[in-house]
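The same chain A turns up in both complexes below, where it pairs with chain B and then with chain C.
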Partner chain A sequence: MAVEISGLRIAIGGRDIVHGVDLSIGDGERVGLIGSSGSGKSMIARAMLGLLPVQAEASGSIRLDGTQVVGAPDRALADLRGRYTGMVFQNPAATLNPVLTVGRQVALPLRLHYDLSRAERAERVAAMLERVGLPADVASKYPHELSGGQRQRVGIAAALVTSPRLIVADEPTTALDSITQRQIVDLLVSLVDDAGASMLFITHDFSVLARATTRCAVLDAGRIVETGATADLLEHPADARTARLVDAARALALRPGGGDDGGSGGGDTAGDAAVEEKDMA
Partner chain B sequence: MRFIVRRLALFVVALLAISVVVFAALRVLPGDMASVMAGLNSPPERVEQLREQLGLNRPLAVQYLDWLGALLRGDFGTSMLTGRSISGQVAQRASVTFPLIVMGLAIAMALGIPLGCAAALARGRRARGAFQLAAVIGGAIPALWGGLLLILLFGRGVGLIGVLPSQGFPADGWDAPGEALVSLTLPALAVGVIVGASLMRYTRSALGELASSGYVEMAMSCGMTRTQAVLRVGLRLATPQLVSVVGLTFAEMITGVMVIENLFALPGLGTGLVTDVGNRDLIAVQSELFMLAAFFLLIGLAVDLAHRALDPRLKTAAGEGGR
Partner chain C sequence: MMARFGAIVSSLWRRAGGRFSLVVLGLWVLVSLVSLVWTPQPLWRTDGYDVWAAPSAEHWLGTDGTGADIVSWLMAGSRTDLLIVILTVLFAGALGLLLIAAMTARNSVLANTSVVAVDALISVPTILIALILAVPLGASVAVIVVACGFGYGLNLARVARPQALLVARSAYVESAVSNGASGVRVLFGHIVPNILPVLLVQLSLSAGTAVLAESGLTYLGVGVPSGTPSWGHSLATTVRFITVYPLTVLWPGLVVTVVVVALNLFGDALRDAVDPVGNPALRRVAVEETEA
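This part shows the complex of A and B:
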C-alpha cells in the first residue's frame, strides 16, 4: 500500500505537535521514522490510521492508496483498520485486551471484517500463531500468562492475521530486552516482506532502524529534518540532530556485552520462542 | 477453590467479630429496655423487677453466649416489646425495603450507565458540560426534597398529575402485588434518580479513563470505531469496577433509603431499626444489626467472587502464587 503524507499538521489543545510533515512510503517499502521522545512520531502514526486522541486536530493530507484519511469519518476508517492496515503497539501489556484469550484477540480483526465460520477462524489464528513462532496452546492463554516477547508476538499476529497491505509499528521493541528486540524486529520484517506489505517503523533507536528499514526520515520537534537511505544516514548524518541520534545508538552498541555481533538473529523464530519459554519457567 | 474456602473462613470470623461488637456496643448504650418499659416516673423497684424478668441481670457473658447460641440455631430471638419473632419482623420489613432497593437500583442503572457512556463519548465541550451539569444536579438533590417534589408532581390527591400513591404500603403486602408495586414506584424513582446520578459519574470516569487507554486503541486498530471500542472493550473492562460500586451501593441503600421510607410512610428496615433503637429493644436491635452486617459481608463476598469471574488476571494470580 502506498502512503502519501503531505503538509500534515497535528495540534492538541491548540498547541502544534506536528508542523507540516511530508512523507511517502512506496508499495512494499519499509520506511523508518526516527526521533526522540515527544518529537511527534507516534502522533503521525496514529493520524495515518485515524487513531488520534479525540482532543487532537489534524489537517493536511494523508492518502493510503489514494484514499484520504484526514477528516474521514471514523466508520470509513474502521473499515480500513485491521483489514488493509495493521498496527503493532509499543507495549502489548497495555494494549492486548486482558480479558480476551490470545486466540480471541488474534481473531478479532477476522471477526470484524470477514464472515468466517468459527472453525475457519480458529484455523487462520492457529496458522498465524505458528508463523510468529508461538506454540499452539498459547491460543487459550491470557496475555498476562505470557512473557514480554511472547506478548509482542501476539501483537504482531493480531496486526498481520488479515494480511493487511500496510503495517504501522510504533516502537514495537522499546519495551523488550535487547535479545528479544532483535528477534521481534527480524520476525516483523520477514512477515511484512513475505506479505509484500508496506511498513512504517517508528523508533528512537537507530540500531533497530538499520535492521528494520531501507529508508528513513528523522523527525525533530514535529518537523522532518532529514530523509535518506537508512545506511547512509547512519554513516554520514548531514543534520546535527541526526548525528546526535546516531551517536546515541553507537554509544549503546559499544557498551560491554551490547555488541552487534550476534549475527544469528534471523530465521528460526520457533527456536527463539522456545528460549523465551524457558525463561518463563 | 482454595480462594473460596479461604474467603468463607474469613466470612465466619468476621461474623463472630461483628456479633461481639454489636453486643458490646448495645450494652454501653445508656438506658435499657426495662427503664423505657417502666416509664419515666416509675419506682426503681419496678425497673429492677422488669430487668429480672427480661434477663438483663445475668452476667454479660451469659447473655452473649445465650444470644449467639440461638443465632447458630437460626433463632434470632423475640422482640422484648412486641413478643413477635425478630426474624419474622425483619422479613416483613425486608419485603418492603428490598424490592424498593432493587427497583431503585434498576432505575439507577437504566439511567446512570447509558448516560455515563454517552457522557464519556461526548465530543463537544457543550455536550460534555450538559452531562456534567445533569450529574451534579442529580447527585446534589437531597433525597427528602426529591421525594417531596415527586409527591407534588405525581402523588395521588396532592400532585399535579396525581396518579400514584404517595403514602404507605398495602396491608396485604405482596399478596396484592399490583398495589404493592405501585406504592413503591414513587419512592423507587426518588432513590433511582439520585443513585443514578452517582452511577453516571462513576461510569463516565471509569470509561473516560479507558477510552484513552491502549486497550481501546488496540480494538480500534483491529477495525472497531471509537464508539464501538469504548462500548465493547471499555465497558467490559470497567465492569468489575461498576460491579463493586453497584454492590456497595446496594448495601448502603438498606439504611440509606430510610429517609425515603419515612417520607413515604413505608414500614421498611431502616424505619424499623430506628423504632427499635428508640424502644431500647436490645435483642431486636442487636439481631437486626447483626443481620445487616452479615448482609454487608455477603455482598462483599459476592462482589469478590464476581471480580474473579470477570477478570482472568485474578484467577491465575491466586492459583500460582497463592497470595
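This part shows the complex of A and C:
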C-alpha cells in the first residue's frame, strides 16, 4: 500500500506538535521514521490510522492508496483498520488484554472484518502463530504466561493475521532485550516482505532502524530534517541533528566507532551492545 | 459455551460460600415455581377463629392476624421477590453499563457531563425516589424496581468507573481500535470482561439490597401493593406484633436474611469462579476449545 503524506500538521491544545511533514512510502517499501522522544513520531503513526487522541487536530493530507485519512469518518476508518492496515505497538505487556486468551486476541481482526467460521478462524490463528514462531498451545494461554518477546510475537501475529497492506510499527522493539530485539525485527521484516506489504517503522534507535528499513526520515521537533537511504544516513549524516542521533547510537555501542552495518551480519555484536545499554523504561 | 457454564457452576460448588448460595438460590427459584401451582394452604383461605396460630400440622409456620397460612404466603411471596430482584439487577446493570460507556467515552464533553450527573444524582436517596415515583404509580412492583435499579445503577457506574477508565485508556483497547473495533465492541469485548469482578459483586450486593428494599418500601406502603404476596408484605403485616407474636415476624425475617446472605456470598463466589485467568477449570476449557 502506497502512503502519501503531505503537509501534515498536528496540534494539541493549540500547540503544534508536527509542523508540515511530507513523507511517502512506496508499495512494498520499508521506511523508517527516527527521532528522539517527543519529536512527534508516534503522532504521525497514529494520524496515519486516524487514531489521534480527541484533543489533537490534524490538517494536511494522508493518503493510503489514494484514500484520504485526515478528516475521514470513523466508520470508514474502522473498516480500513485491521483489514488493510495493522499496527504493532511499543509495549507488548500492555497491548494484550489480560483476561482474553492469546488466540482470541490474534483472532480479533479476523472476527471484525471477515465472516469466517470458528474452525476457519482457529486454523488461521494457528497458522499465524506458527509463522511468528510460537508453539500452537500459546493460543490458549493468557498474556501473563508469556515472556516479553513472545508477547511481541503475539502482537505481530495480531497485526498481520489479516495480511494487511500496510504495517505501522511504533517502536516495536523498545521494551525488549537486545537479543529479542534482533529476532523481532528480523521476524517483522521477513513477514512484511513475504506479504509484500509496506511498513513504516518508528524508532529512536539507529541500530534497529538499519536492520528494519531501506530508507528513512529523521524527525526533530515535529519537522523532517533529513531523508535518504538508511545506510547513507548512518555513514554520512548531513544534518547536525541526524549526526547527533547517530553519535548517540555509536556512543552507546561500547565499542569505539561501532555501529550497525545495515543488517548484513558483521556488525551484529556492536548493534546489540548499542541496544543493551538503552533505557528500558 | 456449555462447557464454560459447567466449569463455572462446578467451581461455585467447590467453594463453601458458593455451595450455600447455590442451594439457597436454587431453593428460592424452585419454591417460586412450585408456588405457582401449589401451596400448603390456598393463599386466600383465612380463618377468623384461628388467627396468630402457633405452628401445627395444618399451618406449618402458623397463621397471621387474618388467619392466613404464613408458609403459603412466604412461598407465594418468593416469586414476587425473585421477579423484583431479577428486574432490578437487569435495570441496574443496563443503566450502569450505559453510564460507564458514557463516562469512558472519548468525547470529553459527554464523559465529563455524565460524571457530574452521576455524582449529583447519586446523592438522591433511593427511598426518596421511590416515594416520588409512588405518587404517579401508586404502590407497585415497578416503584421498587425503578427506584432500586436507578440507585444501584448509579452506584455501579460510580464504583466501576475508575477501572473502566483504565481499560478504556489502555494500550490493548488502542490496539483493538487500531484493528477496527467499534465503541460497542470495546465496551463488551474489553471493558466488561475486565471490570466483571466489580460488576458481579456490585450487582449481587444490589440483588441483596433489593430484597431488603422491597421489605422496607412495602412496610412504608409504597412497595408491593397490599394483597400481593411478598416477604416484605409478610413482615409489614406482622411486625407491629413482634412483642406479642414474635414467631410470625421471625419466619419472613429469617427468609429475607438467609436470601440476602446467600446473594452476597453468591457474588463473591461468582467473581472467583468466572475469573478466566485465576480459575483453573476455565483455563482447561480454554485449552480444550483451542484444541477442538
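Observations on the structure shown:
Everything that follows uses one rule, which is that the second predicted complex is superposed on the first by the 254 of 281 C-alpha atoms of A that agree within 3 Å, B and C clash if a C-alpha of one lies under 4 Å from a C-alpha of the other, contacts with A are read in each partner's own complex, and residues count from 1 in each chain.
Keep in mind that, in the parts below, a contact is a pair of C-beta atoms (placed from the backbone, for glycine too) under 8 Å apart; a residue touches a chain by one contact, two chains touch by 3 or more.
Everything numeric in this text was worked out from a predicted model, so none of it was measured.
Superposition model on chain A: chain B and chain C are shown in a clashing arrangement.
Contact with chain C, but none with chain B, is seen for A:Asp137 once the two complexes are overlaid on the shared chain. By the touch criterion defined above, A:Leu49 lies against chain B and chain C together after alignment on the C-alpha atoms of chain A. Of the two partner chains placed around the shared chain by superposition, neither chain B nor chain C is touched by A:Gly14.
Once chain A of one complex is fitted onto chain A of the other, the partner contacts of A:Asp79 extend to both chain B and chain C.
In the superposition on chain A, A:Ala122 contacts chain C only, with no contact to chain B. Once the two complexes are overlaid on the shared chain, A:Thr95 sits against chain B and chain C alike. After overlaying the two complexes on the shared chain, residue contacts for A:Gly66 are found with neither chain B nor chain C. With the contact threshold set out at the top, residues 49, 51, 54, 78-79, 81-83, 85-87, 89, 91, 94-99, 108-109, 112-113, 142, 144, 158-159 of chain A are in contact with chain B in one structure and with chain C in the other. By the touch criterion stated above, chain B contacts chain A in their complex at residues 123, 211-215, 217-228, 233, 236-237, 310-313, 316. Looking at the complex, you find that chain A touches chain C at residues 49, 51, 54-55, 78-83, 85-87, 89, 91, 94-101, 103, 105, 108-109, 112-113, 122, 137, 139-140, 142, 144, 155, 158-159.
Put simply, chain A touches chain B in their complex at residues 46, 49-51, 53-54, 74-75, 77-79, 81-83, 85-87, 89, 91, 94-99, 108-109, 112-113, 142, 144-145, 158-159. Of all the residues in chain C, the ones that touch chain A in their complex are 106-108, 170-172, 174-182, 185, 189-190, 193-194, 196, 276-277, 286-287, 289-291.
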